[in-house]
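Presented sequentially are two complexes of chain A, the first with chain B as partner and the second with chain C.
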Partner chain A sequence: MNQSVPLSLDLKHMIIDTLELEDVTPEDIDDHAPLFGEGLGLDSIDALELGLALQKRYGVTLDAEAEDTRRHFASLAALQALVEERRVN
Partner chain B sequence: MEQLRLSEWLGWDPLREENATKDARLLPSDKPGVSLPAMLRRRLDNAGRATCDILAGLDPEARCPLIHASRHGDANFTLSMLKALANQEPLSPTRFSMSVHNATLGVHAIANHHYRPLQALGASGNEFNALLWEARGYLAEGHGAVVIVFSEGTLPGDYIDCTPHPGHACAVGLRLSLTQGRALVAEDATPGAAPTPLDIIDWLGGCSPRLAAAPGWRLEEA
Partner chain C sequence: MTRPIIGAPTTRDGYLCMADRPWRQAWPDARHLPTRWCHSRDLGRRIDAWLAWLAPRPHGRWLLLDPDPITFTAALLALWESGQSALLPGDDRPATLARLMPLVVGRLPAEPSPEDTQDLSARDSLATTQRETDRNSAGATVVAADSEAAEKEAVVLCTSGSTGQPSLEPKCFRQLDEELERHAALWPLAQTAVVCQVSHQHIYGLLAGILAPLCHGAPFCGDDSRFPEVMAQRVSEATSVGLDACLVASPAQLSRLPQHLALHHQRIARVLCSGAPLSRDDAIRCERLLDSPVIEIYGSTETGGIAHRRQSSGDLWTPFPGVELDLNDSALKLRSPFLARPEQWWDQADRVERQGEGFRLLGRRDRLAKIGGKRVSLTALEQRLCQHEVVQDARCVDLDLRDGRLGVVLAVAGDALPQQHEARKRLISTLREHLASEHEPSAIPRYWRFVESLPLNPQGKHDHATLRRFFDDLDDDRLPRWLGAVDVDDEQRITLEVPERLRYLEGHFEGFALVPGVVLVQWAIHHARERYPALCAFRGVDRLKFQKVLRPGQRLTLTLKRRTDGIAFSFDSPKGRHAGGRVRLEARHD
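Take a look at the complex of A and B:
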């Protein structure tokens, strides 16, 4: 990854590219809006895809059964906090 | 036995000019998928998107059983998953979830709140006749009309010369009933014929008088 790009923007690009979101730009993703359901409108398959992308890009491994996984995926800001805490790449 | 009748048809052929058929019912070639919301459209390739547009056009009120056939399915995604497995890489959950043959019908059904029967077929080159046989069964059960769609996506370069293919992505759909439209008249079989969606568009559009298949087909005179 490009270290000069802020993590928030890098995550937005990762989400858009990984999930093939048409006509969505980084500016369209509110840091604090829900990623799933009413917010960006992602679904459960997207959650799995994002989990894989986080592992590949930042070395962050998530347990799909863990209670706090839902919290980490609540918004872009929550995802950013997760990556900052656990990243190995 | 009552004959199948063609009530309506639509085609999608991105390389064909609109005036290339005498009876043009070709969907716009660019940006297929207008019948789908963006969040569902992203899951399908162009052939899948065109298939959904054809289904929506021929069954706008979501009342008909729908049957979709593709000889190869989404071969690009399938091959990319096989390559990932060979390289011991994790599979994309999205690609895996869409790798079943009825995925396109599923996306269409979600987008259009379609709750009638759905069926997906592959028939090693005999897709068109397989679609007709299955449609005949639904009509015999009492459904008023059935919509069938036959599509092919682009073929990965690794598979070219290994299997018959129309050469580019394309799709064609027919709404069939026992009471409305021109009858499909069975003709002598052409051994080994494996009609593609492009052959069916040629036939329905009037560019060829009969469809070479086993059995072959012509349309009753109007």
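Take a look at the complex of A and C:
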């Protein structure tokens, strides 16, 4: 991973690449807009894909509390906070 | 004629059928699990609360939609004990509920609030209340004890029909009991707790995730268990009280099972998987990660389970005991005790190939795709898209990509064709919203292609290969999006779009993505070789001009003209000419 790329941009690229969001550019992802449902329009299958990608790219593992997972996946800013707190690589 | 395949008979063990009301039995050896788990012993009080709530209300079929397995089960069993049935919608979109409400006497609330009951009782005449109470107490003595009761409607399930219309599938107690009995014989649940990752609003989740454990007095959980980390937690809770876990999952989850869950220390008796075929690699990988057999069930809402397999032992499907298959044709026909009419042959819209005592699945015969294990009617999506004023025609394409997502090719009026990223994004978002009112998020196409008219093959059909061509850039991130080509006089005009994820966009100017000129020359050569296959070896470039930058999302036309020593090319868009020049290519003389 390129250390000079800010984490928020790196996460946006991760989301776009993992989920093959071909009509979305990093600038289209608002840091505070919801990722699921309204906003980016992601669904439950995407959540599973993102969980895998977070583990692979940053070594972040999610909790066994679904409520926490929903909170971490609420927006890009929330996802960024999660990665900053738990990243191991 | 080859004889039909008939599954072997079964016996059952440690299992009570639904007429015995296993949820009212005192099962020995109940373990104490955290509150998220549902056990028969906790249900009686909740069922009684629902019975009291239902008593003064209209009698019949109720709409039941509740993601929590405990409250769902209590409400369902109260309906059954009072001689009523449940319609189970697959989702809660307003359009779905509006369509279903006329078919039910009402929708069950989240909780059987006692205040509601009192209000209603006070308003109603005593006579009506008394009549309802009499009927309910009579119904409470049986669920399906005699053959007449066994044919009564227990639930109505919702699925997608191939014509694009949603279809409703009533199931009587006999159908459910027959299938539960076969499950019990094949996969007994003694000393087992069930962790369900799929929705009980559908047949497989209802049978395997709720009713099978109920009939064995086994604890079960669902809802949040669809998250892999929560599932792992529930499995370890079961193990810690000395129970084996049975995981009820789908390919959506098993194909995305994280490596790090460390579940091999847990005791997972088996993993059931249904909804769509699991790839062999995923099946083998999950067996290793979960240290447990992964058993796939093939079936449908209409037929219930048809066959099962374990891919580590082979890829052929074995029919369920009692299910009779006719595989003489490539189209599957079956007779099954799980069908509404067990004596009649049922046409299943799957193509199959007989192999010894089993069979192989070759795909569907109709226009239904499976996404995340759920049936999606391509026809229904297309019909809905065509209702939008911008859309003239639409064709959905099952792209066979790893993510299982759909593509769609849309014909729109010339002035509505998006020319740039922003316009394209806006149009897609409008159409996504238009679909979202009637379709679940996972059914909404992920890959959108806008054209002036849908292409036909030489037979006048929208065939798969012709449509698949529009999505070639997904397989190769060096290519532009191809949106059609026409020959005009001695030129070929090819409509292209710059993919936002083109490999070459970054790294030229900080924060300003553009297509490098050399890539345009490469694209011209690529398409020239496709149009004029005799052109081969590259000999040089002349009169090259790059006039305007080309940015991601831009729609443009590549014009190719054959010259004696190669081609002339130009890239134009409403913004003007982006680039042009000549490429010398040697022609092969065959």
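Criterion: the second predicted complex is superposed on the first by the 86 of 89 C-alpha atoms of A that agree within 3 Å, B and C clash if a C-alpha of one lies under 4 Å from a C-alpha of the other, contacts with A are read in each partner's own complex, and residues count from 1 in each chain.
One rule holds in what follows: contacts are C-beta pairs under 8 Å (C-beta built on N, C-alpha and C of every residue); 3 or more make two chains touch, one makes a residue touch a chain.
This structure is a prediction, so every number in the text was calculated from the model and none was measured.
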{"item": "First (chain B), second (chain C), both or neither touched by A:Thr25", "value": "second"}
{"item": "Which of chain B and chain C A:Gly37 touches, first, second, both or neither", "value": "second"}
{"item": "Chain B versus chain C as contact partner of A:Pro6, first or second or both or neither", "value": "neither"}
{"item": "Which partner, chain B or chain C, touches more chain A residues", "value": "C"}
{"item": "First (chain B), second (chain C), both or neither touched by A:Thr69", "value": "second"}
{"item": "Contacts on chain A seen with chain B and repeated with chain C across the two complexes", "value": "19-23, 41, 43, 45, 48-49, 52, 55"}
{"item": "Sites on chain C touched by chain A in the complex", "value": "223-224, 226-230, 232-233, 252-253, 256, 258-260, 371-372, 401, 403-405, 421, 424-425, 428-429, 432, 436, 440-442, 444, 446-448, 474, 499-501, 513, 552-553"}
{"item": "Complex contacts: residues of chain A adjacent to chain C", "value": "16-17, 19-25, 28, 37, 41-45, 47-49, 51-52, 55, 61-66, 69"}
{"item": "Chain A-touching residues of chain B, taken from the complex the two chains share", "value": "38-39, 41-42, 90, 92-94, 97"}
{"item": "Complex contact set, residues of chain A against chain B", "value": "19-23, 41, 43, 45-46, 48-49, 52, 55"}
